[in-house]
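A, B, C and D are the chain letters, set down in written order, and residue numbers restart from 1 in every chain.
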């Protein structure tokens, strides 16, 4: 899979002169979307299938700062996929290869009515696609 | 009507050390919501009536900067209300009474299906409430 | 200490009709600032003392959603303070007392040049104020 | 000049299911940065020259909505450049060529101390580069 690239925008910086820490949570979402798209699951296909995967928890470790005009390289991986849970890991590196941020997000699966579903039973095609990438 | 107060947050500042200009558009929305609430039209009442008023244009003049921990005082007024259009004006002042930002937003009215409506005909109670404040 | 209140704004919601998960990270910052202010350490005093406390990690568990016009009550507590580290905990509850979000942030301390400092030695007054609240 | 592309992110949508209007102000900044880079004035060169160009006013007309996963094409042009003022115009179009947003931003020029400068005198190279694109 091709890592996702995010170029830091001026509006993402703060008074300390660096990227505000809350924005990395948004970069995680951007990279996750791109990852699903590369897997063959762009948003419209997901929506048609009626599956959504809300974030139920996340953690983020800030290792070194980034700032305006920096380009982050974000590697996404499927840490674990079970019937009812998905855990995604993110590694963000800066221009010189330094680790900027390491993060994880945990997701459940819901149908279009917002009810919890089991992915393996209710959308096996997506489950298998994620399973094939687990731990890689 | 009581002016709205917004205290600038750290995440609203940028690398220049001041409030990023895009955030004032959000403060306009906050102040507008508060103004409608003070008029007796909190969000849930608006939603029940099925009326939404999307922004169709805006303009914003940045007069002097603000920064973290500053409290802005935002005065909202109904510049003009017609059957199909509403124009709201905003004046934001800082701690020392300096004008920070002057802005306007123009709105149309739509029903819950997103179709344009005429407020005077379709929600006369809200129309009259806005009309009574026009130009004040 | 008085809990912090945050009213969800329209611009903080997303397409799913709920508060976008990234915004809770910003509410944590708002509540933390307010907590420090209540402790007698408003931003200008912190800045004069030359101490900043960047976020080095955070975790966030999303328990139930919130949406536009909801008011969150955010309780902040000092989980642990050491010479070089501060851990803050947050509990956000909704109108009906339901837990919306539970979170933690970990901070280091740096001086105005961005160099790591030991709070106990370099700003004992703030250290003692935090220590007195630890675990409460 | 190559138009700028922005793909709408989930966190840029709101409860109405569309891109929140405040985000277009940020897309203007992204496109402007990219335009300057294509002109040969990336941010680090601008910073070395000591010139900044804060936004002093903007206007924005919302023509049709966009939503998650849409790709906007943003054309930027130099409407007018004078010694002390720069006016930039933006045209954002959606996938089917529909106009999504038309906007303008007005800028002044300041040096690294925040003092107003005259671009033609104080940074003639950038002035000439902008002048050559004026009205095109």
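To be clear about the criterion, contacts are C-beta pairs under 8 Å (C-beta built on N, C-alpha and C of every residue); 3 or more make two chains touch, one makes a residue touch a chain.
Given the structure is predicted, the values throughout are model-derived calculations rather than measurements.
Peer 1: Averaging each chain's C-alpha atoms to get its centre, pick out the one most distant from chain D.
Peer 2: C
Peer 1: By residue number, over half of the contact pairs should agree; on that basis which option among C-D, B-C or A-D is the same interface as A-B?
Peer 2: C-D
Peer 1: Check the residue numbers that chain B and chain C use where they touch, and answer same if over half are used by both copies, otherwise different.
Peer 2: Over half of the interface numbering overlaps between copies: same.
Peer 1: Round to the nearest whole Å and give the separation of the Cα centres of chain C and chain D.
Peer 2: From the centre of chain C to the centre of chain D is 34 Å.
Peer 1: CA centre of chain B versus CA centre of chain C: separation in Å?
Peer 2: 29
Peer 1: Let me have the rounded angstrom distance from the C-alpha centre of chain B over to the C-alpha centre of chain D, please.
Peer 2: Each chain's C-alpha centroid was found; their separation is 24 Å.
Peer 1: Which residues of chain C are in contact with two or more other chains?
Peer 2: As it turns out, chain C has residues touching two or more other chains at 10-11, 22, 26, 29, 68.
Peer 1: Would you tell me which residues of chain C are touching chain B in their complex?
Peer 2: Touch list, chain C to chain B: 9-11, 26, 29-30, 33, 42-44, 68-69.
Peer 1: For a test of understanding, state which residues of chain C touch chain D in their complex under the given definition.
Peer 2: On the chain C side, the touching residues are 10-11, 13-15, 17-18, 20, 22, 67-68.
Peer 1: Residue numbers of chain B touching chain D in their complex, please.
Peer 2: 16, 21-23, 25-26, 29, 52, 54-62
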